[in-house]
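In the two complexes below, chain A is the common chain; its partner is chain B in one and chain C in the other.
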Partner chain A sequence: MWKWLHPYAKPEKSYQLAGKLLPWFVVVTVITFVVGLVWGLLFAPADYQQGDSFRIIYIHVPAAMMAMAAYSTMAIAAFIALVWQIRLAEMNIAAIAPVGAVFTFIALVTGAAWGKPMWGAWWVWDARLTSELILLFVYLGIIALYNAFSDKVLAGRAASILTLVGVINLPVIHYSVVWWNTLHQGATIMKFDKPSMAPEMLWPLMIMIVGFAAFLGSVSLLRFRNEILARESHRPWVSALVTDKLSGEK
Partner chain B sequence: MAFESISDFIAMGGYGFYVWLSYGLTFLALIILVVNSIAKKNKILKNVEQRLSREQRIKKAQNMEGTL
Partner chain C sequence: MNPRRKKRLLITSSLVVGLSLAIGLVLFALQQNIDLFYTPTEIIEGKNETGVKPEIGQRLRVGGMVVNGTVSRDPESLKVSFDLIDNRGGIVTVFFDGILPDLFREGQGIVAQGELLTATQIDAFEVLAKHDEEYMPPEVAEALEGMDHLKSNKP
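Showing the complex of A and B:
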């Protein structure tokens, strides 16, 4: 029943599939970013307490959420890579990690720029902020470790192990606002209750979350293809790809 | 629309600096990531291209040796 999946364990097939999916992800990214940003920046009403500073939410929350979603995806891939020794899963980790790191960086920077006017400080050593900073370091650690080995089999295994170790940070980030007294506000959307946000503010946020997810998908697919090409660069199919491209240009 | 004029929009109710700082850095980071990803692909393809042409040159030189 699931046999149709088997060919995709072959790097060449995966490369082609990723190439077919990529344009769709890019289209969704562009549409949701345009709609979400115009709606969020121009049409959503100002917050009754925070005024227009709350508009930072439209990049802060999607970036933070997708930074964690990216990590979860990497963790699943790491498990698959370690248990079933599937090389493509390792390439998947290497492809997603830089996107996750950039999203975490965005969450931290936009959080700082939001914290300054609202809390009066760019940074506080608060549980949510600190655990998010650790997430950034874990991401950078995974990227550095993967690049530290020229033997990519070893690199993939080491990065997978570090990815699995870092999973412990995810529940800490999510529950940090519950477990400790913190300046950061509690969950607004991801809770077992109705979201505590007016729909005209919530809609653009949802659209931006989809947009960041699609961006994560787009760049991950792009980098996943890069990883396959780099590791398979001596295979005939890559040579054929390059010669085809060259004859196409002439 | 939530704003009366363009200057109103840029001012963001007095929070303009923080809002535009956030959006500016966000899109700067996203653009750098995309540019880096595309550049990486071109570099890999270029390396393969160079290797292929080198292999071809070596093959050609070897054929020449036989004829001389």
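Showing the complex of A and C:
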């Protein structure tokens, strides 16, 4: 059943596959960003209570969702890395972690900027905000741990374990607004009910979510390719690739 | 699957399960401390889970809907007072001296932080507006005026 996957355990194959996928992700990112941002920021109607301030949702929500999606991907990779000991899965963690950290940071900053005029406070220690901040720290921890070892086999394993430990935070973030009284509002679209948002405001948001997903994919693929090259730099296929490139430039 | 992989699968899975269990228990134990605020009914009758009532003079946060027609402003200062209600009918009065957030209005959900003066009165030093998860253009909001949760938003 999984036989078709086996060739991709070889770094060279994965490197090539990532290279093939990359342009598609970039194209989707550019199109959705242009359409989503113009539609969301200029044409979507203002909210009945918040006015134009609600438009930060087109950055805040996709960034927060993709920060969690990136972490889920890393957690799956960590599981694979620990059980099947596939080095590419470890490289995947190292590639995605900084991207996820930046998305988390964007979600926190845009949330604070919205919170000041709407709630009346930049920051409140409620369950949603606090668990999101913990997510940022977990991301930073994984990045730091991975870079703390010069032996990358050890580094990969340590980072995988930390990634798995931190995965407990994901359901806490998602359900924090349900389980506890929080200042942060409940879920608008990620729930088993119809979204509590007018369709003409929802569409650009959906496009932006796809856009952020494609953006996450593009940057991760780029970083993944770099990570493979860096860790396989002593392999003949990498030197062949480099000499190819150099002779092509002459 | 070879035995070594099986063993690693077992160890890794039990790591995840064990940790979720531990965190789950911790969060369960901390339940009422993680809540950002008391609801008005909880101030009067005690916390849902434990029945513990807040003491007079205790610093706390209270969250609820501003009752229509109870907002009274002092014409000479920023002093304002209003009643908060929740879906179980408890009502407390909040006194505040300061600038209210943009979203503050009658029928709006808010969270106030302050000191409990008497069993149902709070002297707040911070008032935050709590926004709900509904987003819609003004025209739609007007068309939906008959809807329950919006009815209370109109003065």
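Throughout what follows, the second predicted complex is superposed on the first by the 248 of 250 C-alpha atoms of A that agree within 3 Å, B and C clash if a C-alpha of one lies under 4 Å from a C-alpha of the other, contacts with A are read in each partner's own complex, and residues count from 1 in each chain.
Basically, contacts are C-beta pairs under 8 Å (C-beta built on N, C-alpha and C of every residue); 3 or more make two chains touch, one makes a residue touch a chain.
As the structure is a prediction and not an experimental result, all values here were calculated from the model.
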Touch check for A:A46: first (chain B), second (chain C), both, or neither? both
Partner chain in contact with A:P117 - chain B first, chain C second, else both or neither: both
I'd like to know which partner A:R225 touches here: chain B for first, chain C for second, both or neither. first
Just chain B (first), just chain C (second), both, or neither: which does A:E132 touch? neither
Determine, under the contact definition given at the top, whether A:T188 touches first (chain B), second (chain C), both, or neither. second
Looking at A:E90, would you say it contacts chain B, chain C, both, or neither? Reply first, second, both or neither. neither
Take the contacts of chain A with chain B and those with chain C, and give the residues found in both. 45-46, 117
Sites on chain A touched by chain B in the complex: 41-46, 51-53, 55-56, 59-60, 63, 98-99, 102, 105-106, 109-110, 113-114, 116-117, 215, 219, 222-223, 225-226, 229-230, 233, 238-239, 242-243, 245-246
In the complex formed with chain A, which residues of chain B make contact? 1-3, 9, 12-15, 18-19, 21-23, 25-26, 29-30, 32-34, 36-38, 40-41, 44-45, 47-49, 51-52
Which stretch or stretches of chain C touch chain A in the complex? 5, 8-9, 12, 15-16, 19-20, 23, 27, 31, 34-37, 39, 63, 100-103, 111, 126-142, 153
As the complex stands, chain A meets chain C at residues 45-50, 54, 57, 79, 82-85, 117-121, 124-127, 161, 164-165, 167-168, 172, 179-183, 185-188, 196-198, 200-201
